[in-house]
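Labels run A, B, C and D following the written order; every chain starts at residue 1.
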Amino acid sequence: MAIDLRYTPEQQAFRAEVRAWMAAKVPKEPLASLDTAEGAVQHRAWERTLNEGRWGMVTWPREYGGRGCNLVEWLIFEEEYYRAGAPGRLNQNGIFLLGPTLMEFGTPEQKARYLPPMAAGEEVWAQAWSEPQAGSDLAALRATATREGDTYVLRGHKIWSSRAVFADWAFGMFRTDPGSEKHKGISFVLFPLKHPGVRVRGIPQIDGETGFAEIYLEEARVPVANRLGAEGQGWHIAMATAGFERGLMLRSPARFQMTAKRLIELYRRHAAAAEPGLASAVAQAWMDAEAYALNTYRTATRLMAGGSIGVEASLNKIFWSELDLAMHRAAMSLLGARAELEKHAPDAGDVGNWLDGFLFSLAGPIYAGTNEVQRNIIAERLLKMPR
Amino acid sequence: MDFTFTEEQQMMAGAFRELLDDLCSPEALRAAAEKRGDESGARWARIAELGLPGVLAPEAAGGMGLGDTDFVLIAEEAGRAALPEPLVEQAGIAVPLLAGLAPHAPRAAEILAQAASGALRVAVGAPGNPFVLGAAQAGVLLLADGDEVHLVERAGVGLVAQPSIDTLRALARVEWQPSAATRLVSGAAGRTAWARAFERGALYAAAQCLGLTQRMIDIAVAYACERTQFGRPIGSYQAIKHHLATVQVKLEFARAHVYAAAARVVDADQRAAAAVSSAKLAAGDAAELAARTGIQVHGAMGYSWEVDLHFYMKRAWALIGSWGDRSFHMRRVQSLVLGGSLPLGSDQTFVRS
Amino acid sequence: MAIDLRYTPEQQAFRAEVRAWMAAKVPKEPLASLDTAEGAVQHRAWERTLNEGRWGMVTWPREYGGRGCNLVEWLIFEEEYYRAGAPGRLNQNGIFLLGPTLMEFGTPEQKARYLPPMAAGEEVWAQAWSEPQAGSDLAALRATATREGDTYVLRGHKIWSSRAVFADWAFGMFRTDPGSEKHKGISFVLFPLKHPGVRVRGIPQIDGETGFAEIYLEEARVPVANRLGAEGQGWHIAMATAGFERGLMLRSPARFQMTAKRLIELYRRHAAAAEPGLASAVAQAWMDAEAYALNTYRTATRLMAGGSIGVEASLNKIFWSELDLAMHRAAMSLLGARAELEKHAPDAGDVGNWLDGFLFSLAGPIYAGTNEVQRNIIAERLLKMPR
Amino acid sequence: MDFTFTEEQQMMAGAFRELLDDLCSPEALRAAAEKRGDESGARWARIAELGLPGVLAPEAAGGMGLGDTDFVLIAEEAGRAALPEPLVEQAGIAVPLLAGLAPHAPRAAEILAQAASGALRVAVGAPGNPFVLGAAQAGVLLLADGDEVHLVERAGVGLVAQPSIDTLRALARVEWQPSAATRLVSGAAGRTAWARAFERGALYAAAQCLGLTQRMIDIAVAYACERTQFGRPIGSYQAIKHHLATVQVKLEFARAHVYAAAARVVDADQRAAAAVSSAKLAAGDAAELAARTGIQVHGAMGYSWEVDLHFYMKRAWALIGSWGDRSFHMRRVQSLVLGGSLPLGSDQTFVRS
């Protein structure tokens, strides 16, 4: 039997180490939302604390602030992180998206420059993917980077930049070849947000927060050295980043298993009044969260044995986004008349963060490539159906 | 057997719709949301001018003397507009509650005309709803103590505001002391009055969900026709078309339930209960799907406060949990239908006791 | 209040009349399947009995064998028909599809010739819509009708002709203009099935029966008078027929209300072992069957007041086909280990016709225009979305 | 922690797949269906030559001495081929049941080697299944009388055939008399033996559903790429693509459950029960959706006996109801997870007692 679903003694020891550290360091009170000014400060402080324990990004090499952990150790770390109720990661655009991209496409200088402060949470990153006329259709982008000697002059309008309001840096795609169309002539450029010619405007959200922003680039000048990869290679790099976004790291199974556990606890409190279908919905949520965890371990150990990740990323994306939505819909049903209350309402009862989570889960099928696009990818690349 | 609305009914609803297009523009809603539940007296006055608070009041009390199949279209329009003021609760629940009690309770008779004209705002705290809508803005409140119906001045109660995600809804828990002086009726009369009020509450929440669903479809369709991706309007993609068509199917059949429930809510029997629960579930499910689909069609844009969609989504979520949540109504249908107390068969659909 | 959901005394009397007749005449034992030779004979006999009571097609004018009933009376008739457990209608392609089409497009001679024997069940009709390369895409049809004087010579290959094995006549579309493409140059032609040059071959189905057939037309000669409407008007007429197919008459609400009632009875017998979600699924089925009935009365009384039916037909088609599928899936779940048994198995228990119904319900989203096509119609015609 | 199959495991499954492509061609299945359960001795002999009946038998009994994570891929291939012969039931259930009893029951030990070589056909009538598969073709039957396990000669029982819609499955109710002479074990030993047999039955039914799902997807994709409508292959339409992609997602995550359940079915504890039920539900649901989607994609063609799809659909429906139907497994999960007996949390997923 090659399949052996047991942790090694080393893995068990690693779990114990993470658990002990988290028990000692995780703030006892929840931090303010990381999409508020107050919350951003608190979360930066937490990232510093994490980095002091060298837990900023455990899978990275030690030279960049990591621990060189393998994927199973990463999964264990995440399980303990969620188990401890530790804060959300302010810098997730950096550590989960740009980090792996830099690791693959960056020069040694770029890695040394950007990765350590990223792991340490000293430089917080935003993504600058979408433009008003380029959403799912990223190839329609219009923002330009005009070369003048060793400088790029950035012009354009980026939108739906998550976290940009409180971030330091952003990464995005720009046309470096002005006559180019679609996927060609695009380069991948890093730029600071507090910089002449860069203006960030928060987008008021339906929950009143500003997790998204627009970025206006009006002749912002950055060194050519800020380009990742070759000129014109931007699309290729961005697709790799999007793969990381959908792939293994962004949504660790522990997150959904924790939601499933909370949902079961909620169900138990409301079981007497719940319509019977909810019992099945909640049990299904638990099974699906387990399936996502099992499948992630399956992929992780396959990758550790030298495999590579492809269309699985699209399968994962659809599965976790629909699971997350289903869990939050069930929670809203269980909360009944209180589901509409904001969490600070006097009679909010056990509403907690369920409403915030529900709003966020509605976006699951949209971001990181809409589920419609993912289904096209599965049909065309895995099932080989005609375009 | 006639299951069509008259021209007059459609005209009255049409006139209200035109007024609401004016009164509840996105700008007006945005302004109201910032005041969080401090409703516009001017908007209420314009609605009262049309006589709408008194649709279900007898003509003798200055009302229109009409029935639930007239008001159901009004409630639908109120939903479609995400009207901030609780017209539906006053005209659809409080006024018929007062009208029903008037023969037995002089104080109910006294205020009925004022309630019907809209001069007096009446909030309702019915059994089954933990909070009262529009209590802060009301002149009087109709409150439940067990089976009893009490009429209490606004000044005589304490309010604990309960912020809703729908910032156009002013919800509160009411702290008060029932007394002989506040009691309108008790016993069986009170129980029946509250039961009817609850059924109307659920019926008109369902009717609002119809209007909300239609509005969310309209907004999503307009966006899908305008927004282009990969060189085509996104509304030309089959996936988007099929999602929206699916919502439209749900809406159409929810309409049948809601209009039928309106025609039999007065019966207050088991079959009316099944009809109202079916209506609430069907319309709520349609609205829930419309909200989800609306967000999907809009992409990230759906999260923006600048896009109007959220007003209607939030109202839908709020109404789905009010006047009996999904579990309450599903369990009630199961108890009636699977439990065996309701005779089954196609010849039973229109039976009335 | 204009909405008045009560039957008039006349309507109640009509119901009583139907009920009494059905109680006296409906066979006590179920007939053999109408897709078997034995069943076809039995069902023809039943159609004769029905016609003796003048119940063949109650909405038709008396001169064609009907009773001139309005739509509400038709709904009442159907309710009593299903309540009595009366046999399926062998001639449904005739009475529900071709009948209304003839009424709208036929000459007085054609109506007089075809409608009375259709109502009487003396001439049983099959449809000949699809061809091997023309399914949902009917406009791709290739069968031809070549005019020679007063005769059409029919050539081609029709497939998925329901009921054709045991029918007398068929109706279909043929190209009368050989150079035409797509919707143009097509005519609507009636032809006998027992006729020189016409060969019918049953298609073995997955349940072992032959409800479908192929029709090979090898120089079959029919009079030009067999054409319905003008030459080249076939597409227009066929679209009207398809509207009837999806419209009010083919699937009367009583059918689904009867299935819902049987499902509730099945549920009650299996409730102790059923997973809780099935209670909600069964209650939902009852509500949806009621919704379909209510909506049909809504449409019927609107039509009686002078309205017309349009995209509603597509909404109806999607709703009833999904409802039927949901009910049969729930029944299969309730039957558990016995769900796979054929109804004549010794231990079949209460399997009854559920498995047959389940197979048939799987086809619901396909025939009478696939639900995908219906969703396109709703999106494009009702919601005005771009093609 | 390793969740990957070895090259040897994949090679054995691959060899079996190649054999089945030959033995279970559509023509072969059509021929078998006409004989309705009179299986081909020749096909069984070819499979036995590969040693597959003895995968789970100890090497001392002439078996391969392998485990459930080896056999799970074999069961998947048997499903993919809609293999008419009950190899999965013999090799995956009967043989490990006999092997487990052999130390305590000499008669079990006696026939184990014959069962493992395939020379003797063994059918299993386990608690929870009303019928026995392949009883008519078996030499002996393992039957339950309460907790007791009995071994009975085919000649010693009466069979009442129960025709299945899957004409490749020969089902029967078995009429028989238990006696001291037929009893292998009783009491706790019997209970444990049957519990393990039932879990393996459910696990391997789930594994077959994986194979069936993959096969139905493959057939539908092939048809969608070939069939044209409105001038394009129907597989180029978004609606068709999205339907099939949805099935593929369900399949992928069902795999995770089934393979994990294979790794822990031997534990026979609460967590194994939850794993097996999750696997059975996930794989059954995937197969059910694949069948429905397959029919939708094929249109009327899916109803034709000439199209192969129906063999796999029918097998899927049969397996979904066998070894615990959907209700049984869902209720078991609810009892474990909602009822509170199973500790929850991501650190519990791989815990073994």
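We take it that contacts are C-beta pairs under 8 Å (C-beta built on N, C-alpha and C of every residue); 3 or more make two chains touch, one makes a residue touch a chain.
Keep in mind it's a predicted model, so treat the numbers as computed, not measured.
Asker: Looking at CA centres, what chain is most distant from chain B?
Answerer: The most distant chain relative to chain B turns out to be D.
Asker: Please work out which of C-D and A-D is bridged by more C-beta pairs in contact, and write that pair.
Answerer: More C-beta contacts join the chains of A-D.
Asker: Measuring centre to centre with CA averages, how many angstrom lie between chain A and chain C?
Answerer: Chain centroid spacing, chain A to chain C, equals 52 Å.
Asker: Roughly how many whole angstrom separate the Cα centroids of chain A and chain D?
Answerer: Measuring from centre to centre gives 39 Å for this pair.
Asker: Find every residue in chain C that makes contact with two or more other chains and list them.
Answerer: Residues 275-277, 279-280, 372, 375 of chain C touch two or more partner chains.
Asker: Any chance you could list the residues of chain B touching two or more other chains?
Answerer: Answer for chain B, listing residues that touch two or more other chains: 237-240, 242, 330, 334.
Asker: Contact residues on chain D for chain A in the complex?
Answerer: 1-6, 9, 66-67, 69-70, 217, 221, 224-225, 232-233, 235-236, 238, 240-242, 244-246, 248-249, 252-257, 259-260, 262-264, 278, 281-282, 330, 333-334, 337-338, 340, 344-347, 349-350, 352
Asker: For the complex, which residues does chain C have touching chain D?
Answerer: 130, 133, 135-137, 140, 160, 203-208, 212, 273-278, 325, 329, 332-342, 344-348, 355, 359, 362-363, 365-367, 370, 372, 375
Asker: Which residues, counting only chain B, touch chain A once they are in their complex?
Answerer: Touching chain A: residues 129-131, 160-166, 169, 171, 173, 228-231, 237, 239-240, 288, 292, 295-296, 299-300, 302-306, 310, 313-314, 317-318, 320-322, 325-328, 330-331, 334 of chain B.
Asker: Flag every residue of chain D that touches chain B in the complex, lowest number first.
Answerer: Those residues of chain D that touch chain B are 237-239, 242.
Asker: In their complex, what parts of chain C are in touch with chain A?
Answerer: 275-277, 279-281
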